[in-house]
Amino acid sequence: MSYEIKINDRISNIEVLSREGNKFSILIDKRCYELDIVEVDKGVYSILHDCRSFNVELVEAKNSKSYHVNTLYETYEVEIIDAETKYLMNRRKDEGEDQNVISSPMPGKVVKILFKEGDLVKAGETVVIVSAMKMESEYKVKQDRKIKRILVKEGDTVNGDQPMVVIE
Amino acid sequence: MSYEIKINDRISNIEVLSREGNKFSILIDKRCYELDIVEVDKGVYSILHDCRSFNVELVEAKNSKSYHVNTLYETYEVEIIDAETKYLMNRRKDEGEDQNVISSPMPGKVVKILFKEGDLVKAGETVVIVSAMKMESEYKVKQDRKIKRILVKEGDTVNGDQPMVVIE
Amino acid sequence: MIKKVLVANRGEIAVRVMRSCRELGIESVAVYSEVDRKSMHVRYADDAVCIGPAPSSESYLRKDKIIEAAKLTGADAIHPGYGFLSENADFARMCEKEGIIFIGPSPYAIDTMGDKITARKTMIAAGVPVVPGTTEPIHDIKTAIDVIMKIGLPVMIKASAGGGGKGMRLVKNEEDIISAISGAKSEAKAAFGDDAVYIEKYISSPHHIEFQILGDKHGNIVHLFERECSVQRRHQKVVEETPSPIMTQEVRMKMGADAVAAARAVNYYGAGTIEFIVDDNLNYYFLEMNTRLQVEHPITERVVGVDLVKQQINVANGLPLAFKQEDLKQTGHAIEMRIYAEDPDNNFMPSPGVIKHIREPLGLGVRHDGYVYKGYEIPMYYDPMISKLIVWAETRDEAIARMKRALFAYKITGIKTSIPYLHRILEVPDFIKGRYNTHFIEENQQYLKKQNTSTERSIDMAAIAAFVDYITKLESLQTEPNTKQQLGNNWKDFGRKRSALRF
Amino acid sequence: MIKKVLVANRGEIAVRVMRSCRELGIESVAVYSEVDRKSMHVRYADDAVCIGPAPSSESYLRKDKIIEAAKLTGADAIHPGYGFLSENADFARMCEKEGIIFIGPSPYAIDTMGDKITARKTMIAAGVPVVPGTTEPIHDIKTAIDVIMKIGLPVMIKASAGGGGKGMRLVKNEEDIISAISGAKSEAKAAFGDDAVYIEKYISSPHHIEFQILGDKHGNIVHLFERECSVQRRHQKVVEETPSPIMTQEVRMKMGADAVAAARAVNYYGAGTIEFIVDDNLNYYFLEMNTRLQVEHPITERVVGVDLVKQQINVANGLPLAFKQEDLKQTGHAIEMRIYAEDPDNNFMPSPGVIKHIREPLGLGVRHDGYVYKGYEIPMYYDPMISKLIVWAETRDEAIARMKRALFAYKITGIKTSIPYLHRILEVPDFIKGRYNTHFIEENQQYLKKQNTSTERSIDMAAIAAFVDYITKLESLQTEPNTKQQLGNNWKDFGRKRSALRF
């Protein structure tokens, strides 16, 4: 069964042609790889291809189908696109969701919220300031926007990827 | 609810009197401990008692109720004795099970089996030889016995605690 | 003699101090904030006391609670580490008053060196060179010219009343002096209504070089040579090395003697650091003194072969230094790099979070001073430094190669770290040549930006690993759960099984 | 110049060799047996080739497969590590024939030093002291007395035809010589029908001291001082240190010169070790030469400041040594302890298994050369050594304290290890004093047995941790499983949920 897989911005077709123990034959787009793949520790893979030794580390991202993937020098965002994901991606496109949310990419503390619900914000203005590890990060809007909902208050602790402000 | 717990050869009564987050009040025999207990990694516990910092590491042993426990300099075998365990312990006593089995305490390879089923073995004689890490270990009987069943054959790979020979 | 040391700090430095205590047979006490309950220093210590909520102002900076913890646990000494209360003279005084040994210099030395103006005056009196400049405003051109000729070019002329670059002139050539003074003066007059100016030596390519010193309570002071700390980002040191690649033995001896003189001027005891600003011609000027252990102390430990924390404790115990200046020498080359929980490819955004997996670099010539472990959550309240990688080798080139090897083997997942950025620093030609100053990072942006090293194959391998992980999960999900294996035989027999949970 | 090195080994030494290759910019190739697919050397290498099933005879000892792997991956050199094929002259010859550089000495040197009798003769010819003794059987008492007077007391008299202790006599005092010879002869006659005897110098408290040497292909040979290896259990080294606590500078220089002479006698190049047996008066005798890197080489690396693997590669490349004897010196003190997967409290039973959790010791002066990691299963087919802990300090006392600190911080669960046993060695008075010989372990059994350090409180803590773990599991089992959290929101939506599995 063939899947679609998204690596950063590249979308590829991927399919396991055959498998015997840890020996895989995998087709990705038109490239066929004969591989020896073992998981040496939770999320840590050792892959041998043509005698070359690759180490790949996975951390599950927002759900069980998306990963942060580290190779020797690079980090990739990988997502397996199944029917569900496609559906969600389409819905997201239709509803314009997500682009309208200001989220904190890291855990931190909300230091300041500079607007209130209903306010109009000019492009480039800072909406919210989050502090983590003695550093403050400002979250701005790129275009003129209106504050629809504010989901946090000053002093709140937020997690990574937690939505803070909904704009329209 | 009070449990019985076996630490090496000591059997104690143990009970959580109260718990609030990671603060525990625990009664063991007649000793009451006020403790701050957190699991810092899977099976690795940090315990604070009267400002003293203890590090305890657990490895599950033969089932979910028994542990190998490492403290700073010591290793203990700990088993929680619930109704089931008591039942099994009694049955074991009645049937004389387990004492009649020669098991390998470590993974290894069966190098030699010196008797066959039905043979009579004299006290001190070696029944089976297992090899691991370039070292051979001999398993003997302490008293005159009869070989009831042989569960492995020469060349077999055995796991830790795997029964090899049943004697009577 | 000290029997039990409370370490008033957290993170790698707390663990590092406790290690030396353990080697000396001294017990250690950890203090921790509520979010640091699982922190390594709590696990490593013999005793541990909670001193308050996460914000430093409510815990690690609370002098009263720390003293209280020392009394509760019977600690007879306090080591402040670096940061937090390490350069707080009041805290040192409080310890003294409570009969607890403060492992650090006298409150007098902290105070004197802590105030920039007092420190500068003290250094001038001690004959230690400071950045030449006027201390009084100058109004007439002739005095200005005299002063400039005395200081020597280049100089910076600054409006006394000034700010924001107004009335500032950099003078490099003699023929520009008069026009520069006139220009600065008239600009200052126009902007601030006051034409007075200051003149200061301008150091165009400054190097930050510091000297480690050690003094005892018997008046003995030695230096342990220099550390080159010019690789800085936003005034934060990123790489430190010793010996400095620009140093000569002659200048080293002179600077060392001046560092000792600087320390002697405040009757210094304990470990301290004299920071100098140095130009390309190795003219050097006192910048400030850090009256504590530095983050980068391990490179000195490695090259000189001395455990600085043990020395601090010995001095606090009133012992004389065990060595004289002539006993000390530098062997080989050491480099330190600081690993931060931050995303170097996204404006160095801090990256707190849970360590999912960690593999620390090991082997010949590598020291790794850290405190995080698998499963540990790096809190968002403190400094993002998670560890320090220190390598030693016979030569600088070999040390660089070794550092690359160590960075290659250092794996952390779950958070972003500065490791890829540090890799890139080691590839910058100016760094390799040892020709760099404090402008290094800003001048080498083109080398330090994220390079695209992706090949089609490496992208494919990333995709394949994720895909295989996914389908393996899917398969195990579609198989009937094997509860028996997970929970041991006995659960099932007793019909307790509700479902199989991960624990 | 060598571009790619195949490491014909596994475990810590394979990783250690690859580290130096990486620093030199040389690619590395791992070979592995079927059970070693997940082993660290496979993960660390640039290339990896499977060479057969688990038993060494079918993989790591298969010369043909290893050469084949080198050709397949384009490796131009092979490093044999220690053990396996490292002292196999045939393998060295095969490499040569196939145009692959063998990183080690010449086949001639391996052969000569590999045969005990040839080696002894070669050493006598080179003027290197060997254990004094007769090589021909002696029949008459007068000759025997002459020989004994020449060798000096004490001596061991052994029946030529003998065995099993029959006809053996230890002579310590001059007045016992005649009766001992007569007794031995008549006992030999009675037992074997032959009264001929051998006489050999008896070393009552032997020390095992070895010298590291390095030679190049241009006839330069230096020594890198001694390693004291007298702490042995069943002829296996357990602790090594340098400098030797019994060595004097004078004897060191003499032994070093003899070690160089020994190596020169076989035109040695590469790294090698001359083992000596030494008595309490520092009389020393050649024992054997190891024509390879030793397990304990890191203590020399630390105290002399030289990367021995890099030196081996440089020599193999035909480069001359970069230093002369007078450039080398010892700084401080280093100790190595070997960590085995074995149960010291159960007759040193091997303990293969899965590493559940590992925390490696770090910090100032600690090097840890290992290869296991969390989740790794130590196979039952190979040597039980899992890592080596090497510490350095200014003095021997400090090094011992540091080793204790490192052992304290070194945590492995899932298997039994020798760590508690090593701890006890460091507490033995004779070890602390540095007064020990090869009888150390057997003479100090009372200190080395498991001590009961349990207190009621520590037993209670063990019980409590297990109990809390148990009831936490029980609770989560009795709660409705929160599938959502475990698998992400999306699973549920699509009704794929069958059960919650741990993955």
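List of remarks:
As written, the chain order gives the labels A, B, C and D, with residue 1 at the start of each chain.
Here is the rule we go by: a residue touches a chain if its C-beta (ideal position, glycine included) is under 8 Å from a C-beta of that chain, and two chains touch if they have at least 3 such contacts.
What you are looking at is a predicted structure, and each value in this text was computed from that prediction instead of being measured.
Chains making contact with subunit A as well as with subunit C: D. Centroid distances built from C-alpha atoms place A farthest away from subunit D. Simply put, of A-D and B-D, more C-beta pairs touch at B-D. Per-chain Cα centroids separate subunit B from subunit C by 49 Å.
If you average the Cα atoms of subunit A and of subunit B, the two centres end up 45 Å apart.
Annotation: 33 Å between the Cα-based centres of subunit B and subunit D.
Residue positions 41-42, 55, 64-65 of subunit B each touch two or more of the other chains.
The multi-chain contact residues of subunit D, meaning those touching 2 or more other chains, are 44, 373-374, 408, 472-473, 487, 491. Here, these are the chain pairs in contact: A-C, A-D, B-C, B-D, C-D. Per the touch definition, subunit D reaches subunit A in the complex via residues 29-30, 37-38, 42-49, 72-73, 373-376, 487-491, 493-494. Partner subunit B is touched in their complex by these residues of subunit D: 341-342, 346, 349-353, 356-357, 380-384, 408, 411, 413-414, 416, 420, 423, 453-454, 456-473. Looking at the complex, you find that subunit C touches subunit D at residues 15-16, 19-20, 22-25, 44, 298, 301, 305-307, 331-332, 359-360, 362-370, 373-374, 393-394, 398, 401-402, 404-405, 408-409, 472-473, 476-478, 480-481, 486-487, 491, 496-503. Residues 3, 5, 7-8, 10, 12, 14, 16, 24, 26, 28, 31, 33, 35, 37, 39, 41-45, 47, 49, 54-59, 64-65, 67-76, 78, 80, 105-109, 131-135, 137, 157, 160 of subunit A are the ones touching subunit C in the complex. Within the complex formed with subunit D, the residues of subunit A that make contact are 22, 36, 38, 40-42, 46, 48, 51-53, 55, 60, 62-65, 83-85, 88.
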